[in-house]
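Heads up, the next two complexes both have chain A, just with different partners, chain B and then chain C.
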Partner chain A sequence: MTLLDFARGPGLQGAWLIMVAGTAWRVSGILLLRQRSHLAAPRIGFAGRVRVGLATVFTRFVPRRTFWPRIAVSVGLSSTFHLGLAVIVLGGAPHILLIHQFFWLTWPNLPKGLVAIVSGVTLASMIALLFRRIYHPVLRLLSKADDYLSWLLVFLPVLTGILLSGETIASYSTWLTMHILSVELMMVWLPFGKLLHVKLAFFGRAAMGMNFARKGAAT
Partner chain B sequence: MRGFVSDFGPTAALSMESCVHCGRCADACQFYVQTGDPRYTPIHKIAPFRQAYAREVGPFAMFYRLLGLARKVTADELTKWQDLIYDSCNMCGRCSLICPMGIDIADLVEKARHGMYRAGLAPSDYLGLLAEKEQATGSPFGLSTTKFREMLNAIADQHGVAMHVDEATADIVPTVSSIDLKTYPGSMAAIAKILNHMGESWTFRTDGFDADNVSLTAGDRDGQRKTTLGIVQAAASCGAKTLLMPECGHAFTEMRWEAANAFGKPLPFRVMQITEFLAEGLADGRIRVKTVKQRATYHDACQISRRGGATAGPRIILEALGVDLHETEDTGDSNWCCGGGGGVALINRAAPLRKKAFEIKQRQIEATGMETVYTSCSGCRQTLDHGGKAAQWNKTVGSLLELVADSLRP
Partner chain C sequence: MDPTATLGEVLGRRGFGRRSLLKFAIAMTSSLALPPALAPVMAANLAKAKRRSVIWLSFQECTGCLETLLRSSSPSIEALIFDFISLDYQESLMAAAGADAERTLREAVSANKGEYLLAIDGSIPVKDGGVYSMTGGRSNLGMLTEIAADAKAVLAIGTCAAYGGIPKAYPNPTGAAGVEDLISGKPIVNIPGCPPLPEVLSGVLVHFISFGRLPELDELRRPLAYFGTTIHDQCYRRPFYDQGKFAKSFDDDGARQGWCLFELGCKGPVTHNACASLKWNGGTSFPIQSGHGCIGCSEPDFWDAGSFYTSLAGGSSAGWRNTGIALGVGVAGGLAAALSGRRKST
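The block that comes next holds the complex of A and B.
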């Protein structure tokens, strides 16, 4: 068995298993805690609270005007990175093929050149984000090993993906192996650190929206 | 710490799990913005409590303990966090509003204060002291029911208003803030004037009058509950249909949103912040006012507007009065905190820090060009008064409640 065979076979299966089991464990460990009661008369009914909760998932993407001047750089870099990643994963032809293999969904891909440019911008934004994390006093204070590890585990797939797509420095199959293995490493760590924000962000925003809607408080 | 984390529900647990260390909460916080000190980053203020959560209650708690991934937090260690959890947090909720993960950081600070209080770490000069007095006497300044009754009678004489005290039955029971008792007693005359004008059946109750709930801001859960339930029982015992919360931020959020949980069932009366009550009365014609030819700005109390959902009331009142309102740049739910809330005004050593935090509010009020600023929280009013004095303002700081009372049409 070559390393590529391993990456495409047992490696992928193992990574999926760990990612799904770990996520299920962590999310259920949070959501199955005893819910405290809220006996105060709510300002709006349950349906209204659900509506606000779901809306908050989306409105939190755009911060309020009062915050803007100070967080423009943070929002700019973070949005560039996240949107870039979305364009690469959902717009790149090889990824669409992969998704089609597992989930039978498909859609038109973006031109390779465009994905290449977006990949470069995404990589640059990641490097800028790392510098910011190292040098900004607030981020330096807050950051732990998981922050840097999570950065690396996302950086490697983006970097190896660019090198794979450019078929440069090493062979196609070497970069393909590295790319798949790096994604699998990310999948294995995902449930245990901050990378799980891919799920927790939606739960957290919705929960805040619903709880605050009960009070008519600002979301 | 086990006690602190043991009653965490899913929302609090989500909050503890979700932080991605983006640092944006710092940029929402008046203490960080004004000092540049990264320790004032809101989520950082509760770091030992997140550690305790991960170790004791989190989904991987067993592994944290077995592999030594998080140390047990000691009471000694918590001493180092006292000024972060108390002096530099108004629990104003701006951080909760900016957090991209939906973490209610302000609520986590309130929970952290429970742990701090139990560890004997509420600042004794003088927030902790007031909380102890409130637990013992029902009033943070130790005001007895007799003294309160005397005060009300004196106010009645001074202002020529009919005062109702300890009536056996009444539809409306108003409450006061300890700051009103100490510094702005005119607010009690104002309440009386307005309720008499409306022809309502009402009474102050000396067995449940001070709604300030300093215990809440100190982190004393037992005191918080005792103060709240004392007022609930007082209102329920005279068959009140409405309990009126005074011009006080935390008094409102506590009674409106938490009291029923302490009571164990829905409250038998409506709880209204005074601005909600006044707005309703103005809208349906029960309160009739003269036009006030004035230009003014308005300062929102964080617990009433952003956290409490009662932002609209003050605007309705000011419009009904015909006041030409010039809002500050960041207003309503997006306003900056005055820096005095959450018990910070009751911590003497925090005065310089509080003054720095206030400067944002000061600049925004000055930028409106208005000579009058109204508010509907006595804590904010006091902070604006003190801050304005230090800034050598020629501005008037007024209470919305007293403005309505002074503008009543016969």
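The block that comes next holds the complex of A and C.
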């Protein structure tokens, strides 16, 4: 069995099962945590809280105007990187094929050239964010191994994907193997580190929005 | 054929002059990716070369490789090169049978000790003492070991001989293996393919006859000149891949327009062979040109590398049952962690 065969077979299966089990463990653990009981009466009803919760998922994409001067660069870079990843994963033809194979969902792919440009921009924004994390005194203090590992495990699939798409330096099969293996590493780590925000960020925002709405606080 | 005659003499008698041999040498140097300046040297060496003994053993195989090589092309200098080798033993082609055939083999080995080329097609079963394929009461493994010992070099012809091929596919009931897994200390050239391209064999033979050594090989012991690039790199549909134009089914509009077959499972991007440039049946066509994706038959373990119709972007699924079990295990773990947390906090 070649490394590529392993990556497309047992490696992919193992990474998927670890990601599913790990995510279920984390999410069920959070949901089953003891909730503090609310002593005050809710300011608005359940339907209103759901509406505010859903709205919060989107309103939190845009920071408060007060903070803009301080965080414009980091928000710009982060947004570029996250949007870029979304375009790559949801717009790249091979990724749509993979999703279609496992979940029967499909949609038209973006042109390869456009995805390549977005990939380059995404990679550049990731490098800029890493430098910022290293050189910003507060961020550096706050950063732990999980932050750097999570960055690396997202960076490697983007880098190998670009090299695979360009078929440069090494052969297609080498980059395909490296790309799939790097994605599998990310899948394995995803539930256990900060990468889990891929799955929890929207739920977290919604829960926070609902909680604030219950208390009558602005979100 | 006079065994002392040189190739130049044989070709001359058949109406091929020095000029024809030079043209052939130019074509072969180009095919073997050698410098053009070597063409006259190759032509001169070929003209002086004498017949080289080849012993061909067929093991666990379907005879497809031999059929392909026999039907390779119309009479040409390439065909004469095949004539020019002295095929001293080949069970399917030789007239002798039984004890006579065994004697022929012994005589060929003894008369050309250390000088003959050993060609193998088919994998070698090694499980249970190799009983799954025997010739004259001897196992394939025994014959290979004995006859390879005095060979100048070993040519593993076809994917079965090179890497085990289809007989080695899971669950490999006969313990099939390729030549390189069983023989050491001998130059081995793998000419994989199911079947292999005849031009590759003629190229290897011409190189060996001309220069007395084997051509440059890649890490899988394949002639680099023919296996140095992928089908994808040479494919005439490659521009469609770059433009993102893919056939979605074998009879859709994209397929009719000759778009890339990547999404239909083509393994061209990871398959090293010369099908897209040399093509088959005298340069007529090759699988992708006839509308089917490459199945990657010249790569090791191609039969076990997933469906021919799953694109390289896909992989094998863990299955909904295993996913359900993983989900259950995860939820159980989360429940245990939450209960433990509650107990600690009270």
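Criterion: the second predicted complex is superposed on the first by the 219 of 219 C-alpha atoms of A that agree within 3 Å, B and C clash if a C-alpha of one lies under 4 Å from a C-alpha of the other, contacts with A are read in each partner's own complex, and residues count from 1 in each chain.
As a working rule, a contact is a pair of C-beta atoms (placed from the backbone, for glycine too) under 8 Å apart; a residue touches a chain by one contact, two chains touch by 3 or more.
Here the structure is a predicted model, which means the values were calculated and not measured.
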Inset, instruction - Quick one: classify A:Gly209 as touching chain B (first), chain C (second), both or neither. - result: first
Inset, instruction - In the overlay, answer first, second, both or neither for which of chain B and chain C A:Phe46 touches. - result: neither
Legend entry - When both partners are placed on the shared chain, which of chain B and chain C touches more of chain A: B
Legend entry - Contacts of A:Phe58 with chain B and chain C, given as first, second, both or neither: neither
Inset, instruction - Go through the superposed model and pick first if A:Tyr148 touches only chain B, second if only chain C, both, or neither. - result: neither
Inset, instruction - Considering only touches as defined above, state whether A:Phe131 meets chain B (first), chain C (second), both or neither. - result: neither
Inset, instruction - Check whether A:Arg70 is in contact with chain B, with chain C, with both or with neither, and answer first, second, both or neither. - result: first
Inset, instruction - May I ask you to decide whether A:Ala24 touches chain B, chain C, both, or neither, giving the answer as first, second, both or neither? - result: second
Inset, instruction - Determine, under the contact definition given at the top, whether A:Arg34 touches first (chain B), second (chain C), both, or neither. - result: both
Legend entry - Residues on chain A lying within both footprints (that of chain B and that of chain C): 25-26, 28-34
Legend entry - Residues on chain A engaged by chain C in the complex (per definition of touch): 1-2, 4-5, 7-9, 12-14, 16-18, 20-34, 93-95, 97-98, 101-102, 109, 111-112, 171-173, 176, 180
Legend entry - chain A partner contacts - residues on chain C that touch it in the complex: 230, 232, 242-244, 246, 263, 269-270, 299-301, 304-306, 310-318, 322-323, 326-331, 333-335, 337-339, 341-342, 345
Legend entry - Residues of chain A touching chain B in the complex: 25-26, 28-41, 43, 56, 60-61, 63-67, 70-71, 74, 78, 133, 136-144, 147, 192, 194, 196-197, 200-201, 203-209, 211, 215-219
Legend entry - Contact footprint of chain A on chain B as seen in their complex: 7-11, 13-15, 17-24, 26-28, 32-33, 36, 38-39, 41, 43-44, 57-60, 93-94, 96-104, 256-261, 263-267, 270-271, 305-311, 330, 333-336
